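Shared between the two complexes below is chain A, which has chain B as its partner in the first and chain C in the second.
Moving on to the complex of A and B:
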């Protein structure tokens, strides 16, 4: 008995094989559904499909990917999308969290209503927003396409082309469809960010805020010099996780714009879909996927580092 | 003193008013897209395709808005649900594919997947939380790193796996088994991390007491720890359930037969048709989103906990 207990409690190595058996089923599923496909992708990125089968082409897929103009254009779109999406969501999320933090009595009611967008599938959010701006018939189109409100010809979000870029070929200013995509994505991600920031805001000790108030700090100073620094780790976590979802989400683009008009909302993840599944260039798609994976890994390890720092000094 | 006091109260009231005003605005922003979809879903085709669009289908040739002249209709829902007279106790039967095939399929996928994910993530989360063994850290980090591989490329390999399995003529096998395993693989990594977090919060002393009283380690896990971890595992169940319900791209690419389609794939039945069926599309969106919104309203506390936990940990 004592032996069993000491084995169980011993923080170092255990001789029991129990944890192995507990983890095994999870590992088998993950090997089949995640690890094998990932390795297959790595292999695929070095291959090219010939009528006879797959042939090894080395880094040719990567070279060809870098050679297409759509690739650099997509990077531009991705940067514009990510910057817009994360900054809009974080800023609005912070303001809403502040409001909720200030209102104790009704916050439960508001939180419940505000959170409904998060539960709706991204593909449905895309459709719902598309319904609003369908050319001529959408309820928002009625306002936006009115030449009296938006001169000279009104604005049809889903068909208006990109304005002339300011800096060479970089996709700025974005097409109206991209702005709308950012709005739709932010709408869906806001609840998540708000909740995260609200949770962090409520851990800011009220004594610190009160004593700084007594020392004469005004509301803006409290936010700027006390709340934001104390909430910084959570904000970084929120930023990384938004970037991660923005890098990889494809459902909303799929149903809202389909990458269009032209290629103006074709971000890297959508490009991956279209070269892999529309044009069936699997090798090139795999090469692109690995590049996206590298960015994802950087973001994940960044998140881990930040949360571990936070654990260390609570 | 008295006057100063009353001044303070009015100032607080004013801030409260401003905060409530802000929250009402934000809630309106969150509800607007949903409200427009509900409006569209209850219109007739003739009102959906008007130029310029009208918000309420309540205008008459002489008046801009007349409450008694509103032409609300359930045409959209009628087309999705396709009720037919039948001889059961209700007197009718819903014959639309959405109700007859897609929703039952999705319920099957979501329930089975979530159930299996809870069991596997519970077992391995427990092992990771309670035992220190060789490769502990490596496995935890690997499970997280796995999520960095873009889903779209895993699907390249999974698609070919699916084709091969289909050709292998395994008795009783069909796409449904495969899609459930695939969904398990998608939702397990984060679930393991969340489950470990919940187990970490349960004191070990309780299990140790059970061990001293003569319980086996598995018995202690089953009788003592699992009941305490139930709320956390419930959170994993709900997150996975909603995740599977809302998942589109894997179902779209991996399901080959019409009678195995899930709801999000089924939604595309209504997209291929032309633009005048906006009311049908809106009705379908509402019908698909509604179950999840209701589920969320009843279990929101569990969701909030899991969201914060999941974001900080992974």
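Moving on to the complex of A and C:
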């Protein structure tokens, strides 16, 4: 290495080619694990499996996806899930961060406790939440299914049908199972968001807060006009991160609702899983995966853009 | 000095590697994929019957083929192993020498995806081939007529019934059923529980839903590979299911997924349970209507309840002019394309076809009736359980639910979604409209 560096300092052709050789292993790894699968997925999305082998079908897989009612329904479910999941998580995360930011006794202990959901696999969280609401036998079923508590017939979270949509076929208001799925997902994501927001909160200069208080601002005004604007870039990053994880997560849905009741919690990521693994339609699954990848790419670009803005305006 | 030590360590490691390689099994491995795990000794495991079977028979096989093959089983998740095999064959990855097939519709998947080897020529040359039930052979054939599996066990659907809930026998017509269901409801009980959710890729369709549709004379295809749902028979079957759900003759748990519907039969709150013959091993412990507990927590509970006369097996009801319908699957073996040790797989299949092994396999992983005609007379299958089951199946017209459909997994999901919508989610929806839309969406992909 010393020899290489000395040759590098010496100039000439080695000087120009050394950086290339140094990053070559990374490029090879990226080509193997990122570029090749992406290209293969793109190729696969234009194929259909026949007994004789793969057959080129052009954009037929995309057309078939758009032609199924479940696809448009899943887009609606995905939007409802993402809006619910991100807003509940951010709101609760902000409130908890605010509480921990004060001089609460044993705040270190609370932060440790807060981390528990984060270390549990999402598929297990789904199972735990499912066990709470299984009809007749769930931990909460005795309460929820009691008609005196929830009239007229009580509530069976996993089997209750979705309410009549308010806007055409758009899946709003969501089915109780979707609400519960949002709750379970938010519970699991809460530690990450809370700590992120707590860290951002602690970077807000105390001088500014004290000055505003001297100027007569009350607690709500401090939060509204001082803290939130200063924390906004972090909140946007948290929002994108949550959206990304919500967009791609499938484990929780798999173990909690299985996409049901009916199709009322079938979001795009679960539909992708179902088309690929249940139906064995790899071409169509690849087409859907590419569409989801485009949405992911937009989200990542948004995150990077906001992060760069934050760097430029410290 | 440092170099010397490095050299010594290197030589020691090399020696270890050589010893390890040299000490490996002398006979080649014979690799299988079963949904069972020989190392799982948990008595509460859902798959304890199959697990125990493997635990007992792997040493027997290895002894019988000592010096030739060593059987190595790789346990797989029951609902993922088919996809894993298809993907492994397509990717040119590691595939087993033999795959345990538990679902006949997988044959269509394997045919479409070029996953399984054609076994016709080899099978026809074996002494046991002429002893196979022709229905079993047909179930293993792909649409191209090739033989993609070797059938060992037939798994029909039938109805488990608590005798105290139906003391005068199980209703034979929809009208009789609804009348008895109303009586049971008045007692705070359910007439039936069934897999009513859309969970597991629409698996519920293959069970009670198909049993009902076929008992009404319905089907899901036109015999030419097209989906045909909007028929008077199917509509009548759906109206019957609607009535059951609307009147709460089935418990809410029937729609919760995750096989939770079994719970209502276990505690006898539901009087009947249409499911697979193999279901006996999963539905336990049981509490009879009179409080008798069958609580060994094993597959014996249901067998004990049947032997004691508390539970009986029967065919489903049917409309006039129709035999009760039911679905039927075949369990057996597939040799995947790319299998390294086909000869071992052949030896294994021949071994399983031997009189000493065949009945044990059918009773263990097979969970059904023997396809081998000589095994059907084995004393293993002369118990009350098998006798009642044989009678129930004998009085039914069992056929695979997918008929001529060539994308059974997709069909299963979309049809179950449609039926769930019609019977549970939106019981006022127009049946013809929903069925027509579903069949058109499916047929657009033909």
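Methods note: the second predicted complex is superposed on the first by the 280 of 314 C-alpha atoms of A that agree within 3 Å, B and C clash if a C-alpha of one lies under 4 Å from a C-alpha of the other, contacts with A are read in each partner's own complex, and residues count from 1 in each chain.
Here is the rule we use: contacts are C-beta pairs under 8 Å (C-beta built on N, C-alpha and C of every residue); 3 or more make two chains touch, one makes a residue touch a chain.
Note that the structure is a prediction, hence the values are computed from the model and not measured.
A.B. asks: For A:102 in the superposed arrangement: first (chain B), second (chain C), both or neither?
C.D. replies: first
A.B. asks: Is A:214 touching anything from chain B or chain C once the two structures are fitted on A? First, second, both or neither.
C.D. replies: A:214: touches no partner chain.
A.B. asks: Scan A:29 for contacts with chain B and chain C and give back first, second, both or neither.
C.D. replies: The first partner, chain B, only.
A.B. asks: Regarding the shared-chain residue A:190, is it in contact with chain B (first), chain C (second), both, or neither?
C.D. replies: It touches chain B, and chain C stays clear.
A.B. asks: Just checking: does A:278 make contact with chain B only, chain C only, both, or neither of them? Give me first, second, both or neither.
C.D. replies: Touch partner of A:278: chain C, not chain B.
A.B. asks: With both structures placed on chain A, which of the two partners, chain B or chain C, ends up touching more residues of chain A?
C.D. replies: It is B that touches the greater number of chain A residues.
A.B. asks: Kindly classify A:120 by the partners it touches after superposition: chain B alone (first), chain C alone (second), both, or neither?
C.D. replies: The first partner, chain B, only.
A.B. asks: Is A:40 contacted by the first partner chain B, the second partner chain C, both or neither?
C.D. replies: Once the two structures are laid over each other on A, A:40 reaches chain B alone.
A.B. asks: Figure out whether A:68 sits in contact with chain B (first) or chain C (second), or with both, or with neither.
C.D. replies: second
A.B. asks: Of the residues on chain A, which ones does chain B touch that chain C also touches?
C.D. replies: Shared contact residues on chain A (touching chain B in one complex, chain C in the other): 134, 136-137, 276-277, 282.
A.B. asks: Would you mind writing out the residues of chain A in touch with chain B in their complex?
C.D. replies: Answer in residue numbers: 1, 4-5, 8-9, 11-14, 16, 18-20, 22-23, 25-27, 29-30, 32-38, 40-41, 44, 95-96, 99-100, 102-103, 106, 110-117, 119-125, 127-129, 131-132, 134, 136-142, 145-146, 187, 190-192, 195-196, 199, 234, 237-238, 241, 248, 250-251, 254, 269, 272-273, 276-277, 282, 285-286, 289-290, 292-293, 296-297, 299-300, 303-304, 307.
A.B. asks: Inside the complex, what are the residues of chain A that reach chain C?
C.D. replies: Residues of chain A touching chain C: 49-53, 64, 67-70, 130, 134-137, 156, 158-159, 161-162, 257-263, 274, 276-282.
A.B. asks: Residue numbers of chain C touching chain A in their complex, please.
C.D. replies: Touch residues, chain C against chain A: 80, 82-83, 86-87, 90, 109, 111-114, 142, 144, 197-201, 251-253, 255-258, 260, 263-264, 407, 409-410, 413-414, 417, 420-421, 424-426, 437, 441, 444-445.
A.B. asks: Per the contact definition, I'd like the list of chain B residues that touch chain A in the complex.
C.D. replies: Touch list, chain B to chain A: 15-16, 19-20, 22-23, 26-27, 29-31, 33-34, 36-37, 39-40, 48-55, 120-121, 123-124, 126-128, 130-134, 139, 141, 143-158, 161, 181-182, 184-186, 188-189, 192, 208, 211-212, 214, 217-218, 242, 245-249, 253, 264, 267, 271, 275, 278, 281-282, 285, 288-289, 292-293, 295-297, 300, 303-304, 307-308, 311-314.
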